[in-house]
Amino acid sequence: MSKRYWNQYQKEIADDRYFYERSCIRQSFFPGSEAAFLKILREELGKDIHDDVNQHTCTGIGYHSDVVPFETTMTVVARLFSLMTQAGYENYVPSCVTSFGVFTEIVETWKEQPALLEKTRKLLKETTGREFNIPKNIVHPSDIIYKFRFELRDRMKYRLVNRYTGKPLKVVEHIGCHYAKIFPKHGVGNAEFPYVLAGMIEAWGGEVIDYPERRHCCGFGFRQYLVQQNRGYSLANTQKKFESMQPYEPDFILTNCPGCSMFMDKWQYVIAEMENKTYDKDGYGIPVLTYEELAGLLLGYDPWTLGLQLHQVQSERLMDKIGIPYNKNEKFKGVSGKLLPYPEKPEHLKV
Amino acid sequence: MFHPFVIPFCIGTVALFGIIGIKFTRWIKSLDRKQITIFRQHFLKGMFIPAIKEMLLEGLFHRKVTRFSRRLGFMHRSIALGWFLLIVVGFIEATVNLKGKLHAPWYAIFYRFFEHDQFTASSRVFADIMDALLIYVLIGIGLAVAKSLYAGIMGLRKTSKLKLFDAVLRYSLWLIFPLRLFSESLTACLYKNGGFLTQYLGDLFNPMFASVMELPAWTAYSIALGLFFALMPFSRYMHIFTELLLIFFRKYGVKESEQATGYTKMELSACSRCGICIENCPMDKVLGVDTIQPVYYLRDVRNRVAKRITADNCLMCNQCQSDCPVGIDISSLRKFGRNKQELDTHDNYQYLDKIHSFNAIGRVVYFGGCMSHLTPGIVESMKKIFDAVGQKYWMMDEYRSICCGRPLLQQGFINQAAELRRKNTRLIIESHSKTLVTSCPICYQSFKNEYHLPVRVMHHTEYIAMLMQLGKLKVKPSDLKVAYHDPCELGRGCGIYEEPRRVLRELVQLVPAEREGKDSMCCGYNLGNTCLSLESQMRLRDASWQNLTINHPDQVATACPMCKKAFQHASHNSVKDIAEIVAEHLIQ
Amino acid sequence: MKDKKERPGERRTWSLLPKALRPRIEVQTQEERPVVAIIGAGPAGMEAAIQIARQSCQVLLFEANADLALNLQNKYKLFPDMSDAQTLAQGMMLALEHPLITVYRQTPIKHVVQVENFHWQVFTEDNRVFKATAVLLCTGYEVFDARRKEELGYGIYNGVITSLELENMFKQEHISTLTGDSPKRVVFLQCVGSRDEKVGNRYCSKVCCVTAVKQAIELKRMHPETEVYVFYMDLRMWGKGFEEMYRVAQEQYNIRFVRGRISEAAGTFDGGVQIKAEDTLIGKPLKMRTDLLVLMLGMEASCGTKQLAKSCGIVGDYGFAGSLDPHLNDNHTHRKGLFLAGTCKRPMSLTDVIADARSAAMEIINYLSKQ
Amino acid sequence: MKSFGFSIAKPRSLEIDGESLERLHRLEEKEPSFKRCFNCGGCTATCSAGQFTDFNIRRVHNLYRWGRYQELGEELRKCMLCGKCTLVCPRGVNLRHLIVSMRELLNEL
């Protein structure tokens, strides 16, 4: 019975042949994540995933900040779809949850209002001379990792287990609002039981923390953080989540949205510097990982290649708990092999 | 004429007058400008003789105490007057003996010790007079001892409680006169210079014993006197001198100001702690609260240990003030104790600036008062009365009311109260009316004593009484039996006792209450006390109701919306405001 | 035995009186049936009388007024089923015509006295004495005197009426303001004289909430165009069908419920009433002009209840008669053979009164069977 | 502490767990009848100051109940202490004493 009900909360995730679209901000904040995703898909799972050189923004941030009108967004998105069509793919995989939200929203809009689709086709044709097909399947990369979580588990070197105590690590999972709150049916577990990250954590040996503000927004909120005077609201939301999860003493936070990873990470620094308050016992903060970084870590990839050193809250203590080896000296070694200068240390947050 | 044993007495006397001098100077210096101006204005108006007269009446004869209880008056009078006469007659005796030559103060006090040859007829007479006076004082002391043992003898229910220091002083006072009797008797035994009493007692002593004991006895007498004098300025006995000063200033029109001044200190020291204020205090009588009465409150203030609750937990019904034999302005002193300087802010009521006056030339301004909004019966009756005599009126607070400010003032918010007074004053002055009628005794008291309004202020009972006197109101009397409840603020507060009764007598049969007039019992809803619980208020009200209905009236009349509400809340429908009774008896 | 000591020499005192002044002892010796005296012929007294008589006991039913069930007869329709109050009263009175029931109208009772362990004597105001084995007090309630809340303007402004007066208007099927117009707006105010420490009544009168809903619906039925507001502090829809009535009042009759107590009423120049309250749910003071302000009066112990409870030594809270305990012995008092039923104990709805009267009847029958 | 040009916005919801209710307990001690209030609004309806302003004494003491002293601000200064509220209160709450006590306790802030 319960299984039958659970089936209603599943979404269709394509098996292979993906068209990958990168995120605007992730490439600068978590540059290792997308590379790790491609590596995992190609090398661990042997999938065909296309990473187009001509891709561009989906306008999501501008759209949600009321800067870019909907028609423009639709046309820009149509160009992305035309790239996919040109490359001969049908399964669209946007790295960013905001993009995912924008795509699903636009595709749903076109379904309801075919006139808008026609208009968009016309606009794209007039401006670029391109044509496009609507993707058959739009999935988020976390959906794909979720789909193959057991396959990946079998290839993993490490488990989410505290090697000192032998107990599962306590993990806070946080799903981007635009993943399942806009069009619930497009998320695994819908909006009621989002399972995409929890599924990974459980499959890989960890324990999901169910805390009161689990479904609360991370505070990203576009308009809130873009205007400096409004940032207090953004920060207040993040703080609310931290206050709520703190008593459960989570070992780390797992996210699937670029904004959430960034704000839950960086605001910890801001709160520490403003109020001298951190949310772990020792004053280091709670590490925030993307699902790709986590999968990469457990598969045994080099943490510095994954880009963990670029996070605000550092992950050494977490890696120690899992038992992942890392070379301290190579933490800030650039691609060229030269050591980069160390970042400035915060006043209150320990690193 | 000197002996070393007089030294304690001398020290005490010098200390006494020195300290009193310093204290009096300080107090007078710290009078505020308003009080000094009034004093100057009255100075040339020949108030001197009446002032002295009252000082004598009160200081020596204790007229007001006697009015309260003759026995208590006798006690106070015998000590004060007796002692005073002892000093005066002693001085005359010494002067006569020295044929008018100057003599040291101790000479007259210890006259019998220094003068042994007292065999002339005149000196015998003096000795007998002095003995008689001594007996008079001793009777007083005896009564005081008895009172401290059993207050009921003096017609008091309770006597004020004492602290150690006061106790030492009291015992030294009590000792003075028995010691004087003892010393003089011993001297009389040795030198036969006593009067009828001292000689009689002296003859009972063994001369050997007398010669041994004479000097120690006189020394003890001197020490008792010196001790009492030296400590007196720091004790309640300071009242003996302060009362005189207070009476003097009061006769010259000086009153308490809004803030404590030197006059306040005079009043504080003028309390003799006779305890009369405990007697009728409803807080004690009905609720058994026996720590807040003026006698304790003033003591605590004097000793700088007064707690807020002592100042706060009082109805401000003024019963004690009306009973106080010294006439201390207790309500003002209590207000000073409630001063809320730190809370008392400025510019609180700017929202009232928008309110505009009404041109009421030729009209009466009618101010119902906040509470009258909850007793619409009073307001409607007043309107009926105005209409009946064809008097046009402007009801200032018909739709919304600005408080008169007295409730704030009573709780020690001096600035805030003043702010409300300014707003109301502006409205009243701008209305250009000549008469202000109010239905609320609290507002009435405020308008009359705290505002300085250029209009005639009347309580509605006064107004109705005036209308009746002028024959403007046509009423038909009935044979309803009515008891009248004097509201505290109207009766004891403003002295309006007669007008409401005059009005009622024209209309109905007035039956007396058990205690009325200046002894009327507070209904319990008085705004003066913020700390009382509803339950306590109800107990006070029930006591007051019982007092009113002792002669089974058909109806109880009052003249205050608060009192009316209080009685109405009990299961009694038979309470009416005078205005309502008048309106009901109008001939249409 | 204890009770005997309380009034010693009750009989001897009469013998000292001249014959003419002595109470006439009316002896009821038809048969050897136990006699039950019921004081108060309201719904409780009548229902108990019927039930007890059906069990072959003799019933003496005393009523101070000339009419029986005055409070009930003053009603128009009954909640929650809107049945006719008259019909119910008539039905009960018909059932009273039972050979074992004797009804004494206009017979106020002065006091009741226990003379022997199982004997009671009932003294009427006109000095008659009746013997009974058991006594049942059904002396009922009276409504709160609205003049004690002067701020609400009852007796001062014509637009302020009580729930009883409105009920009377319903009976005459004519609702109007003093000027004879049909009211454009009517405001009901709950809890007048109940839940009010100032007048000494802390208790809830239980029936006013639903009565206001009932009256509001009736009003709307007669005058659909009238705006009706009900000001309440809590709406206690505790009985069967009450909550449903409340819902109907909201939905079907568009009666508006405002959570706030009216604390002042003042007359307006056109003969209406202006009320002041606070809509506590939005936190703003509210002023409103209305043609009629209906005060939902609470229940208080009636004079008879107070007097008899006092003379029998069974005074409970607020002057009501006190039962032994509220669960198993709610009809008993601490005096043997003295029973209670209905609103002489506390405010009750008519439904509860009738149930309570039946339970009292049952208790009395049980008591008599043990003698 | 670093300045970022913005601060953490305070939540508009009542966050009771983090608040200290010590001041409320002290008020309840000073004026026990406060606890009896059943929020009928009679006080606000009759309030003299409330006829001129948006002063709402019931709201004020509910804010106090939850420790929202900032929102209370200077509201209580509008009160004229006339005592109508105390007189109409069906629960016998001694509002005048409550107001003075609240002002005293708030003054300590």
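For reference, chains read A, B, C and D in written order, and residue numbers begin at 1 within each chain.
Following the convention adopted for this analysis, a residue touches a chain if its C-beta (ideal position, glycine included) is under 8 Å from a C-beta of that chain, and two chains touch if they have at least 3 such contacts.
Given the structure is predicted, the values throughout are model-derived calculations rather than measurements.
Taking mean CA positions as centres, which chain lies farthest from chain A?
B
Pick the chain whose C-alpha centre of mass, unweighted, sits closest to the average of all protein C-alpha coordinates shown.
It is chain D that sits nearest the middle.
Averaged over CA atoms, how far is the centre of chain A from the centre of chain C? Could you give it in whole Å?
Using C-alpha averages as centres, the distance is 72 Å.
Just how far, in Å, is the C-alpha centre of chain D from the one of chain C?
Centre-to-centre distance between chain C and chain D: 41 Å.
Averaged over CA atoms, how far is the centre of chain A from the centre of chain D? Could you give it in whole Å?
46
So which bits of chain B are touching at least two other chains?
373-374, 534, 565
Do you know which chain D residues sit against two or more other chains?
Expected reply: 46, 51, 87-88, 92.
Identify all positions of chain C at which a residue touches two or more other chains, and write them in rising order.
If we look for residues of chain C contacting two or more partner chains, we find 151, 197-198, 263-264.
Which chains are in touch, pair by pair?
Applying the touch rule to all chain pairs gives A-D, B-C, B-D, C-D.
With touch defined as at the start, can you tell me which chain C residues reach chain D in the complex?
On the chain C side, the touching residues are 151, 191, 195-198, 233-234, 259-264, 276-280, 283-286.
Which positions of chain D touch chain B when the two form their complex?
Residue positions touching the partner: 32-33, 46, 48-49, 51-53, 77-78, 80-84, 87-88, 92, 94, 96-97, 100, 103-104, 107.
Hey, which residues of chain C end up touching chain B in the complex?
Interface residues on chain C, with respect to chain B: 145, 147-148, 150-151, 153, 155-157, 197-200, 263-267.
Flag every residue of chain B that touches chain C in the complex, lowest number first.
It comes out as residues 373-377, 380, 534, 538, 564-565, 568-571, 573.
Would you tell me which residues of chain B are touching chain D in their complex?
340, 342-343, 345, 348-349, 351-352, 354-355, 370-371, 373-374, 399-403, 405, 407-408, 411, 413, 416, 420, 525, 527, 530-535, 562, 565
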